[in-house]
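The following pair of complexes shares a single chain, chain A, combined with chain B in the former and chain C in the latter.
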Partner chain A sequence: MADAVIVVALLLVAGSATAAVAVRDPARQALVLSVLGVALAVLFTVLQAPDVGLSQLAVGSALTPLLIMLAVRKVRRCGRTGDETR
Partner chain B sequence: MSRRLRLWLLAVGGAGVTALLVAAGLDLPSFGGPSHPYGDRAVRASLARHTANTIASVNFDQRAYDTLGEMGILFAAVLGCVVLLRQARDEHRAEPEPAEVARPVRRYALIVLPVALVTGIYVVAHGQLSPGGGFQGGVVAATALHLLYLGADYRALERVRPIGLFEASDALAVCAYLVLGLTGVLAGTAFLANTLLPYGTFNTLASGGIVPLLNAAVGVEVASAVVVLLAGFLDQAVEIEEQQGS
Partner chain C sequence: MNGWILAATVVLAGGGAAVLWGVTSGPMSRRVVAQNLATSVACPALLLLAQGYDRPAYVDLALLMALLGPIGTLVFARLLAVDLAGDRPRAGRESPACRANDGNFASGPAAWGPTWAAAALGAGVVVAVCVATGPGRAMVKLLVTGALLIGGNVIASRALSGGFEGVRGG
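Here is the complex of A and B:
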């Protein structure tokens, strides 16, 4: 039973990680990355490492996607003002 | 270096790493086995010091020196981000306009904000008892604060987040960790040795000797560092603009 849960968690991680690489738009990629963060947190919890799971949940599914989204927004804004002045 | 040579170099390096990894993997104990030599010793040491969460005992007692290094890395990384993301001479600050927020988003953010903040503080405070600790709780509390940006707008967030105060508390928390370590030296034992305080009753908030104090220092450091880091990114994304026509 426990093995089945581990296999499902591993498949979830593999699926969402592949999706994160396959998606090309950076803003969407950040969202998929946050799903990957949740999947990894589930995997760590299933493997009896709730401490690491909690870190992964806080950093991987909230902080990193937020930083990526903010960076993407800044880059897009720079591009827009650059176009106007040109 | 020609393309061909580079590919050869990559192939040789990759083959070497693969061979080493396979050789090491064949020697590993099988998955889920009963033999945990390091775990058994760590659990015994943490129980001897009345720390219910063995991970906290490893992080803040048995390997407190490692945690000092990790804390230093985070501090230096955030310092570097603040220097890189500062307002440059050819940029100016544009006052962000108040944004229209959808009513369900506002309601959700304002309900979840206090819950998430309290959860973060709870995780920091119970680091020595249950999974979690300074790092996890600090990140949760700091990101919870930013729900205000979702629920209201950037100016509301800036009002509850005096950045100078968070920069100072970041540095002070790192100093507090160092000073707590040095008190061990002054008391006649070793740097960061857990001999200063009584170990207390097992599985209560005031147990584990110096562990809860180091845990709290890390919690304040991480929460302030994340707030300062996100403030740098948010300033760049929302407020700071390049000078027109420069």
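Here is the complex of A and C:
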């Protein structure tokens, strides 16, 4: 019974990781990836590793989605200008 | 297992299921709102866990999440502005009168009912943990966390529903 919160956190991580793989559009994948980062941080906290959760929170919830979104935007912009010059 | 951890489990299970359902289906605007909901559900859960494990240091996690969650949502709101504007009904945004009296908020992607529900969850959890903690520096930290959580929630919701006209586009 005491492990119920661990089970819930594990299920959240498994569900969001599966969703991150199943979603195909990169922009939407970044959204699911952000949720996965938050779920992982909660899982680390539940497993009594708050320091790991702290860094996971900083990297997973803001930095990784920001990098992915910037890359997606750059690719889209380059594709658009490439079409115009062609 | 004490009541705090049980409450955290319930919050995580209910909120997590809603977030997973919202972030994997529906239009882009709903997905961004669900991503914002993830932080505003996980932050009260972390506060409850900190109280349940009787480790006040765990409040740092909730503090960082209350700070970084709205930043992440604002990143999405800025970089996905074109997609979000496509989902939004345009009639309310074109006329200055509607913009002035916030008439387009009810029909925007970030409806204000769920926003205030999430804010009420955060406020309730913060008040409960404050009562359990008692006055002192820890209570000030909890109050700062709660203020950041609710303020960030409202700001992110406003940004998603097109409240900040000046920063549109990117």
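Basically, the second predicted complex is superposed on the first by the 85 of 86 C-alpha atoms of A that agree within 3 Å, B and C clash if a C-alpha of one lies under 4 Å from a C-alpha of the other, contacts with A are read in each partner's own complex, and residues count from 1 in each chain.
Going forward, contacts are C-beta pairs under 8 Å (C-beta built on N, C-alpha and C of every residue); 3 or more make two chains touch, one makes a residue touch a chain.
On a predicted model such as this, the values are computed, not experimentally measured, just so you know.
Of the two partner chains, chain C is the only one touched by A:22; chain B is not. With both structures placed on the common chain, the touch criterion links A:59 to chain B but leaves chain C unconnected. In the superposed pair of complexes, A:12 makes contact with chain C only, with no contact to chain B.
More residues of chain A are touched by C (comparison of chain B with chain C). Using the contact criterion defined above for the overlaid structures, shared-chain residue A:42 touches chain C, although it does not reach chain B.
Once chain A of one complex is fitted onto chain A of the other, the partner contacts of A:78 are limited to chain B, with no touch recorded for chain C. Of the two partner chains placed by superposition, only chain B is touched by A:67; chain C is not. In the superposed pair of complexes, A:34 makes contact with chain C only, with no contact to chain B. In the superposition on chain A, chain A positions 50, 53-54, 58, 62, 66, 70, 73 are in contact with chain B in one complex as well as with chain C in the other. Taken together, the chain C residues at the contact with chain A in this complex read 1, 5-6, 8-9, 12-13, 16, 19-20, 23-24, 28, 31-32, 34-35, 38-39, 42, 45-46, 49, 53, 55, 57-58, 60-61, 64-65, 68-69, 71-72, 75-76, 79-80, 83.
The part of chain B that touches chain A in the complex is made up of residues 53, 55, 123, 131-133, 135-136, 139-140, 143, 146, 226, 229-230, 233-234, 236-237, 241-242, 244-245. Against chain C, in their complex, chain A makes its touches with residues 1-2, 4-5, 8-9, 11-12, 15-16, 19, 22-23, 27-28, 30-32, 34-35, 38-39, 41-42, 45-46, 48, 50, 53-54, 57-58, 61-62, 65-66, 69-70, 72-73. Taken together, the chain A residues at the contact with chain B in this complex read 50-51, 53-55, 58-59, 62-63, 66-67, 70-71, 73-74, 77-78, 81-82, 85.
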